[in-house]
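Here's the structure we're looking at; comments come further down.
Think of it as A, B, C, D and E in the order they're written, each chain with its own count starting at 1.
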Amino acid sequence: MLLEVDNITLLYGRIQALHGISVTVDQGEIVALIGANGAGKTTTMRAISGLHAVASGRIRFNGTDITRMRADLRVIQGICQSPEGRGVFPGMSVKDNLEMGAYTRRDTANIAKDIQHVLELFPRLRERFKQPGGTLSGGEQQMLAVGRALMSRPKLLLLDEPSMGLAPMLIQQIFEIITEINERDGTTILLVEQNAQQALSRAHRAYVLETGKIVKEGSGRELLNDPAVKDAYLGVA
Amino acid sequence: KQDEGGSGSTEAGKVCDLKIGFFGALSAADSGLVLPGKQAADMAVKQYNAKHADCKVSIQPYDSQGKPELAGGLATSAVGDTKVVAMVGPAFSGESETANPIFQQAGLPVITQSATRPSLADNSWTIFHRGVGNDFSQGPAAAAYIKGLNAQKVFVVDDQSAYGAGLADEVKKALGPLVTATDKATDNQQDFSAIVTKVTSSGATALFYGGYTEEASPFLKQLRAAGYKGTFVGGDGIYDANMLSVTGKADVEGAVATCPCAPATTAKGTFVQDFQAEYNAAPGVYADVAYDLTNIFLEAIGEGKSTRADIQAFLTSYNKAGSATGVTYKWDAKGELDPTQVRVWAYVAKDGAWAPDKEIPKA
Amino acid sequence: MQFNDLIHGFPVLTITGLTQGAIYALVALGYTLVYGVLRLINFAHSDVFMIGTFGAIWTWSAFGFDANSARPSLGEALGLIALAIVVAAILCGMFAMLVEVTAYRPLRARNAPPLAFLITAIGASFVLSEGMGAFTNRRQFGVPAMLPTDPVINLGGWSLTPLQISTLAVAILAMIGLDWFVQHTRFGRGIRAVAQDGNTAALMGVNKNRVILLVFLIGGLMAGVAAVMSDMKAASTRFNVGFLIGLKAFAAAVLGGIGNLRGAALGGILLGLVENYGSAVFGTNFRDFIGFLVLILLLMFRPTGLLGESLGRARA
Amino acid sequence: MPETPPEPQDASERDVTSERDAAPDARTTVGVPAEPPTGDSTAHPAPTDLAGRKALLEVDNVTLRFGGVVALDQVNFNLYEGEILGLIGPNGAGKTTCFNAMTGVYAPTSGEIRFQGKKLSGRARYKITQLGIARTFQNIRLFPEMTALENVMVGADAHHKTSVPSALLRLPRYWQEERSGRERSHELLDFVGIRRHGEAARNLSYGEQRRLEIARALATSPALLCLDEPAAGFNPAEKDSLLQLIRDIRGTGVTVLLIEHDMRLVMGVTDRIVVLEFGKKIAEGSPAEVRDNPKVIAAYLGVPADAA
Amino acid sequence: MTDLRTRWRGFRSGMSQRWDRLPKASKIGLIVVFIVFLYALPNKGFYEYLGLPLGEYIPLYTTRNDMATVLFQCGYYILLALGLNIVVGYAGLLDLGFFGFFAVGAYTVATLTSPTSKIFTEYNWLDSPWPWLVALPLAIALSLLAGVILGWPVLRLRGDYLAIVTLGFAEMIRIVAQQNDWIFNGDRGITQIAHPPGSSGGKPIFAFDAKPYYWLVLTVIIGMVFLIRNLVRSRVGRAWVAIREDEDAAELMGVPTYKFKIWAFAMGAGIGGFSGALWAGQANFVNSSTFRLEQSILVLAAVLLGGAGNIFGAILGGFLVIYVPEWLRSIGDVFGLPEQVRIAGEPYDVSATNLRYLFFGIILIVVMIFRPQGLWPNRRRAAEIKDREKEAMVGA
């Protein structure tokens, strides 16, 4: 197992947001987390990336216990997150933002190459290369956030709602890119999506969250055809 | 109304463990002007106690931080301590305004070493004594000295403190049309660029600074760095060793300090050497005055005066010269140093020391 | 009002104002950096500067120079100044980091509200200045003469002394160096990233605490440089010299747009000039009055300072 | 959590003070603007719709630019008294911006917005609220450390007149307004279905926070209530109860403007829908009309809403 | 350590629960007893009655300074803290120049009531000095007005800019006061300020003894507490808290934010001015060097140390920032510590008097690290801050 999240709970002040979540992600998989707004998907991601301390439970990555490890050290371990709401550095150019993604990398020579790679994936970013991140359109910012996450060459890529704010055409494209980096580069991906339809059809496995608990888990196909899931999450595209 | 003063005094036994208060800014920003005096007072008491091991006296510090708003409470607390029979201070005029009425009520005699505001003497405080001449005596003398330099253009600067401004005002009055321009510095000022520019472009050949070493020293150095060649004259606020050591020999050379104090006569006084030995530093501003004033009180106690009233009476008839300052201490009814005793001297910085230049004749 | 003084002294006032402004600017950088990253007015910064002024004096006295010493030769002087800059900068950097580690980091670890930081900042300021006051017996120390005072450049009233030249040169170099560091190095990117969004920066692998420590270090280094220049200009120092200059530098940082490095530089220089011109016209007793008046008026019209805030969140 | 409001609450749950008798003038209805529309110099004769209802709000050729970004481009639509109007469109279409222009957060670059015939431009935001427009926020913006009750009372205070002197001395007006405001706030909390009136807002559950925002907005006695994605974060059951709540609000005479991405909710509750794309209005009409509009399908719906 | 802390917490919550459970009559009774205790504090007789030896160390009494005066100082600082607490604690506006209003109040009383004031000696604007009691309302009104005049332009600025502007404003007031040739007579100041009226047995009650002043200021504080409580539990207080929490949302909910911010400023300023007026009467002398910037910072420290947003926190803070340094002066006497040590021949003053602000600084840091919410925060704040603590990032 690349990532084992074992029965974690998490508090926001006095509110318990996670009530014992267990998630595993195997090398090379795409795993999706779906659930309503406020179910705790983002919170789970934050716990894995270290943005928020868990109250109990363990997180293991690649054999090491990272439960109490600092967020930036987890990046060095190979976990990189494209956060919800994109988290583009507004005052920094696209170039600087992408370089920030490679912050922990020492192989400076390859960084330039990887930037080129990201620009090939998202040609629109090349046009905006010197523009401050804050002035990009929402869709462009989303591309930048995903591209920036790729820059760290993560072993595990955490994508929190990558399709948010994208035009329908772009949504299709971003999911294709997700499949591509998974298949071509072998990057393991944990994906949070509101667009359950797409997410489930691309994921190898998936979990359904409801109010901080996992209520279902299975292969993407299975869940896609599960009537309860259909009713709750696939009702309206 | 008189307090009982020293506790349990009897004709037969001497009263021991009496305290002399020392009132002033012993901490906070302005303490540099007061601490040397406190050290000198401590030294005087130490010397006294060495001779009177059986019946010692101590200094009771009252740290007002120089703030009038704190002075009242300290004064009340001093008055409440019956062992305190005399007070050196308050060091500044501002705090004197709040503290002295309280001392007056309790009949606690005070001699201030450095509060020179003339109006302090106009409050009919019988307990009030001033160990130095006030601004009225020093200002005109400084002006007379400057006139003696044949300066045709004089620049007058003060630091806006009660002391500095008071002195500068008297100087301006006495100099009249010789004053070409004036400016005001502020407390803790470090950068004097603008004043320096004004001074150098004014063509003044003499400059009077009303204020203390703390600002005077950097001001003088910056003046010299900007090429000002005229004479720098200050009051007793700069007549201290720090003015020499902080400014440095080269730049302070030729600077003049007027002081209502006569040169210490080497025959009598070993004050400077003693102080140096005791504190490993040259005596700072007002140290010599405080030393002499403390000794006056010690003399009274040594003579068996052990109540506030006794000591007050002792001061009324006192008439002797102090060893450190050479000033003859004798007070008039208002508590001012007898005007005939106020002799203002000019000192010139020469080779890193204050050398007596001359006594300035009264105008 | 004496406009004559302003007109006649204009070249000199401009140059001395620029010099003082350069010192303000260097100190202001420390305020602005810390503010940009932590949104914190680091009250203790002025006292870090004060420690630097002593660092320089101690360095020189170690070589036997005190206020009474004769001026060293130019070459010697430059060497001594460079050495003092290194010592003071390191000393200030260390104290700045010490403040961060002891007074701010524990609060961050507890996610304390911003106002709590203000109090520890005040506390740290007390500790540094009062500690130094006790350590130096609250005495004033003179600065040895280093550079010759005669102007070396003189162009029709516009003359520059070696001290002014070196102050301006050192300040400009330090500021350009800092700007380059922040704009073009990996660490600089880290600083900007933390300033804009600390959490996301952590997600990129930035060690937030290390970056913050670095920011304090840089602020301290700049304060150390400023301290040496200020020493030579003011010619004396005391345990409480930080207060006033810190106040001015903070005002300068706000004037330029707090959080904005170039703004701090601009604000410092502007404040130095305004104060000098104002002093000439209205008297030096109104120097600070004019400084604040200009600041307030400017904020009325440009509520986020001259250049706005840039290290922090950019406003679209 | 109560599914549908307003069940009488268990008294023990409440703050003690609310047990006092209601002041005689305490309002018991929910909406009703505090001041009837008065003759204003800027007043316009309000247009009416086919059913003869007067236009409450007129968005008249409004353009709003941010630097180069045209967030609203010549947008025109009216809102008629008593209706529920949906405002939909893709992300970044300008829906929230439209709210912001209506509530005085942004001033339109050109065009104007009239409420009850009165121009809104140039009015302070709090005055617009006092005129009778209230809103909720896309990202919840409660006063997190105040209790639920206090949050609502801040809204109720919008029409109160207690000034510093009368509060200092607790003059009669203070007592009267404090009591009536408290009563009304308790009622509104019950109405939206929040039980824990004394709990700090930040400790309420996500759904309760959303509803608390609605209660706070209603407390300002609006004639028009603007809801910005109120169902975000709701599960289907909660969405249903929200739908009922919106209907109930309209039932008390309040006009509702609703931004929402959940089509089931929008189609189910609105009378009319306006669709924005890139700041332009691309369609307007009944839910059925809009659903079948090819432009809307292309820009926003993608697949018909009842597919899948 | 942790054990102690948990036990202390248990004790505290136990106490506060017990307090909550007390019947109203007992609560009032206890409060009355406490108030009586406060009035008795400066009386030596009180300690003697309790059998506490005064000459030696007793925990409350300040041996190096007159207790009544110290208490009076605490009193006017508490008033200041109460005023600033409205501005910073409730409305959330960072004011670094609050002492400026204190100056306005003090100078108003000083110039109007002192026969040495230039109004009478130079300008002849008025015929004769006013009684203190007549000058007082004007002092309060003028400082209130100063609050409005300052607030009017600057309250449109955001938080940290507001801080520097208020700071600058206070400095400007001080600089104006510092001008020797202007009305306030600079550092030379104004003497012979009037005392409050009243006499007993032919002698004026208010003269140089600080005790009556302490009682007066204590009475004012008690009155203020009631008035401020009234205010913060009304529409006005709710508006302030709403502004602090989310200014935009508050305005969109119909709160005239600007107006209430000005009110907060004005109320705070008025109380600050009141404090200054009381002080001027007691000090009998006002000059420009009193109004240093450090004072403003100390008041702010008082509010935050005590616990912003809570009336009693502000009171505690105001008390502590004056009392602790004063009390530290006596510490050396208690433990018989040396006043001076020599290191390498150089004498160093290590008396508690000299080092007390050093200790005070350390205390500020330590207290804030362990209690970032202040010593006595309001319950809501305390909960918020505890919650925040749990939300810290891993290892941050």
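Side notes on the structure shown:
Criterion: contacts are C-beta pairs under 8 Å (C-beta built on N, C-alpha and C of every residue); 3 or more make two chains touch, one makes a residue touch a chain.
As the structure is a prediction and not an experimental result, all values here were calculated from the model.
Note on connectivity: the fewest steps through touching chains from subunit A to subunit C is 1.
Think of each touching pair as a link: the shortest run of links from subunit A to subunit D has 1 of them.
When chain centres are defined as mean Cα coordinates, B lies farthest from subunit A.
Subunit C and subunit E, compared by their mean Cα positions, are separated by 32 Å.
Centre-to-centre separation between subunit D and subunit E, using Cα means, comes to 43 Å.
Each chain gets a centre from the mean of its Cα atoms; for subunit B and subunit D, those two points are 74 Å apart. Averaged Cα coordinates give subunit A a centre that lies 52 Å from the centre of subunit E. Within subunit B, residues 27, 35, 160, 186, 281 each touch two or more of the remaining chains. Touching of two or more other chains is recorded for residues 202 of subunit D. Shared contact sites, meaning residues of subunit C that touch two or more other chains, fall at 137, 199, 202, 208, 243, 285, 288, 316. Remark: subunit A residues 13-15, 36-38, 137-138, 164-165, 167-168, 197, 210, 230-232, 234-237 touch subunit D in the complex.
In the complex of the two chains, the subunit E residues touching subunit D come out as 227, 230-231, 234-239, 241-242, 245-246, 248-258, 263, 267, 380-381, 383-384, 387.
Residues of subunit C that touch subunit A in their complex: 186, 189-190, 192-193, 196-197, 199-208, 310-314, 316.
Only residues 90-92, 202-203, 205-207, 232-236, 262-264, 302-303, 305, 307-308 of subunit D touch subunit A when the two sit together in their complex. For subunit A in complex with subunit C, the touching residues are 49-51, 70-73, 75-76, 80-81, 83, 87, 89-92, 96, 99-101, 103-104, 132, 134-135, 148, 152.
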